[in-house]
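In the two assemblies presented below, chain A is common to both, partnered first by chain B and then by chain C.
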Partner chain A sequence: MSETNDDYILEVRNLCRKFGSRKILTDVSFKLKRGEILIIMGGSGCGKSTLLRHIIGSLKPDSGEIFIGGQEITKLDDRGMAKVRKRFGMLFQTGALFNSLTVGDNVALPILESSDVSSSIAELVVKLKLELVGLTGFEHLKPAEISGGMKKRVGLARALALDPELLFCDEPTAGLDPVMTSVIDTLTVDLTKKLGLSAVVVTHDMTSAFRIGTQMIMLFEGRVIAQGTPEEIRNNPDPILRQFINGDADGPIPLKLSKDDYLKRLMQVE
Partner chain B sequence: MQITERTEETIPIISINGDIDLENSPKLRDFLKTKASQKTPRLLLDFAGVNYIDSSGLATLIEYFQSVQGSGGKLALASLSPRVKNVFEIVRLEQIFSLYPDIPAALAALKT
Partner chain C sequence: MLFAYAQLSLRAFAALFAPLFGGKRWRLSALFTQMVNIGVASMPTVAMANFLLGIVLAIQGAGQFQKLGATDLVASLVAFSILREIGPLITAVIVIGRSGSSITAELGTMKVAEEIEALNVMGIDPVKFLVVPRLLAMIIMMPVLTVLGEGVGLFAGWLISVTSLHLNPIFYVTNSIAAVEQKDLFTGLLKALVFGGVVGTVGCFYGIQVEGGAEGVGKATTKSVVTSLTSMLAADALLTTLIYFT
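After this line comes the complex of A and B, so read on.
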């Protein structure tokens, strides 16, 4: 087992991945120190979700290495990966709650799935986790009975169910209004501090990114084109980065509308 | 995780050594269930050998606390490391459990 510096909870080294002939990730490298919140930003299709899927072990790279808490994970089998997964929690874009289960049962799921603890212990853990996200007393409701922001908080409680060291959030504020976005951001920062967690947050919400990030990387066409503290990213003159942060329609980021082979494709006999 | 028991001035002192995590908390739960069924009136848990407690460990202590509350059972926790104490404080359990810096302080409190 290779070891990296213990100060770093996550390290990605020279990660490359192709889907067919398309390069999705090229030579992606970065490190995350314990206690920090790393923002992975980039436009739609830049490879950020693919990168996250590699880090959580649901995809394997063509080459490169990923270390979680010093352990290299890209060559682990399912059993080895299941052990590593207990060390991190994942908050999905939509909350990804099971609609047929109550809020409490959703939060209890990872506990009951990965251990032999009794359901009464799991129920108590659920209460502790719901309190952390400000949802004490909501355990008996179904996801359909609560708001979008609450669903995200339940998702967060579930991500924290196994007391992870590392939290992954995929677009945690997507689809939320500015107030709810702020609530989720504050909660993410407070909880990482309080629980001594590190976090990786994938987002293209720039307000949110600068509000919570302590480190940032910008992906463009599968490559890291900038990385640093929020201050360094703000002062980085890279035109692609500037366009992305400012949300300008004009700039070096190509507008991916249909290309001029449209008529040819339309008339082609299959 | 190892659990050892000794008695001092009629009070059982349970020393826990190791991490109280998902893997080990069921063992602690079985032990405490036995204590609860024996209606142990006073119990001292010595945390000097505990480096880490997770939420399932906290839940195990809460369950014991709930089960002896009705019969007036007393529980004291001694010698928690700052890291372990912090886990209690995050979920405000220091307001429920009696935490003492060392065994003599915990013994003194249980005797009153």
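After this line comes the complex of A and C, so read on.
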């Protein structure tokens, strides 16, 4: 039952997860081929970050399976998970930099921890990775001293520090200007083309999604409502998907607070 | 809850002693930073608290002993209670308030900011990386601070006795030395060692299990301080009983 094709670096099967009584992920399934970039789209709060957390093994699903490089990970213990994690890098939605360390030390951390390289080699790698994300010369600043977009880029440099096979990015370009967005997009595509890296990218930015994605899935209330190549997604008639891609205010996507709702809540006496 | 705490403590101590059995070395720079944070920064407060308590002990003792016409006994009272009980206790109280709470708040903030999750994803064990340096620093610095505090407390007792109670400065010292045994000194230090372990593990435990943003950090810090205080007192009672009956 756990046979997977070796062409697939990542496969998620029938993943379900509840927080309390709220269903956050329902029957999520998809596959990612080596060297491809999978885009996960979906409205705020639909469970994108939660899905990533399951894939990186921080959260365990209620049911379903996740295969990374053919290995099932949902039942692995900490030690087994640590081994699998050596193969991937993750950029967190908030950057998750260590505030007590400088930018350079943040990027150096996974390098120094994972092997016995000398600090001068680590320093060189740090320089290279920071240059990739356009942050040469910022090594000595603390995370508190750089902007939100810069933190994202440091986070990306850190995720790439160990040359992972599989890269997870939670909204890598949120908070970046259009030029920097384009730089990061080009970088992601380059990495997959030149180094055979595979990537899973969560994004709200439709321009960059269609620019870099080779596979896309759309999450809505914890379910996959559409998946396919960018071409297929563009031609998919699903009204929710259409509204999301076009960014229309009117459509089937329910607003959490419509006007009537809002008035009702205001008038409600607890 | 208790199970999770025990689990973390076991893992922490295993990682702490691993270098002695050929495991990976301690991260000395992190340990040093924590020793400064926990220990050196607490020194003035610890000294101050012990100084004041030394004075209080001497004066209250003098009040009682005067009725018996035995003010000389003040020296042995001060020496005995500071070394056995007051020194380690008040030092631990100060360290809990200053450093135990800040360990919880710091680790809790890291948890909320996904930093601990990021460590896991990078294959770095947060127990080794974050808990061990703090715990080890606690275990080293608590006895050091206790010795410092005891010294200051004894000095304060001497000072007030000589200046206000008109005791002979030399007799006071010889009386003190005659009153205490080596065992008293070691009892105090053993207590400090255990308190260090308790405060370190409890502080880290509450920090690492924070959920729910800044509010969660605040709640965990309060819980950490309360739990540290009660566990420290429980350990004190237990150790005192054990030592008394052996």
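The definition used in the following text is that the second predicted complex is superposed on the first by the 219 of 270 C-alpha atoms of A that agree within 3 Å, B and C clash if a C-alpha of one lies under 4 Å from a C-alpha of the other, contacts with A are read in each partner's own complex, and residues count from 1 in each chain.
Basically, contacts are C-beta pairs under 8 Å (C-beta built on N, C-alpha and C of every residue); 3 or more make two chains touch, one makes a residue touch a chain.
Quantities reported herein were computed from a predicted structural model and do not represent experimental measurements.
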First (chain B), second (chain C), both or neither touched by A:118: first
First, second, both or neither for A:147, with chain B first and chain C second: neither
Which superposed partner A:163 touches (first chain B, second chain C, both, neither): first
First (chain B), second (chain C), both or neither touched by A:110: second
Which superposed partner A:186 touches (first chain B, second chain C, both, neither): neither
Doubly contacted chain A residues - partners chain C and chain B: 86, 114
Of all residues in chain A, those that touch chain C in their complex: 53, 56, 58, 82, 85-86, 88, 90, 92-94, 96-99, 109-110, 113-114, 158
Contact footprint of chain A on chain C as seen in their complex: 110, 113-115, 117-118, 120-125, 129
Chain B residues touching chain A - in the complex, by the definition given at the top: 22-23, 25-26, 29, 54-56, 58-60, 62-63, 90-91
Interface residues, chain A side, partner chain B - complex: 86, 111, 114-118, 120-122, 124-125, 128-129, 131-132, 161-163, 194-195
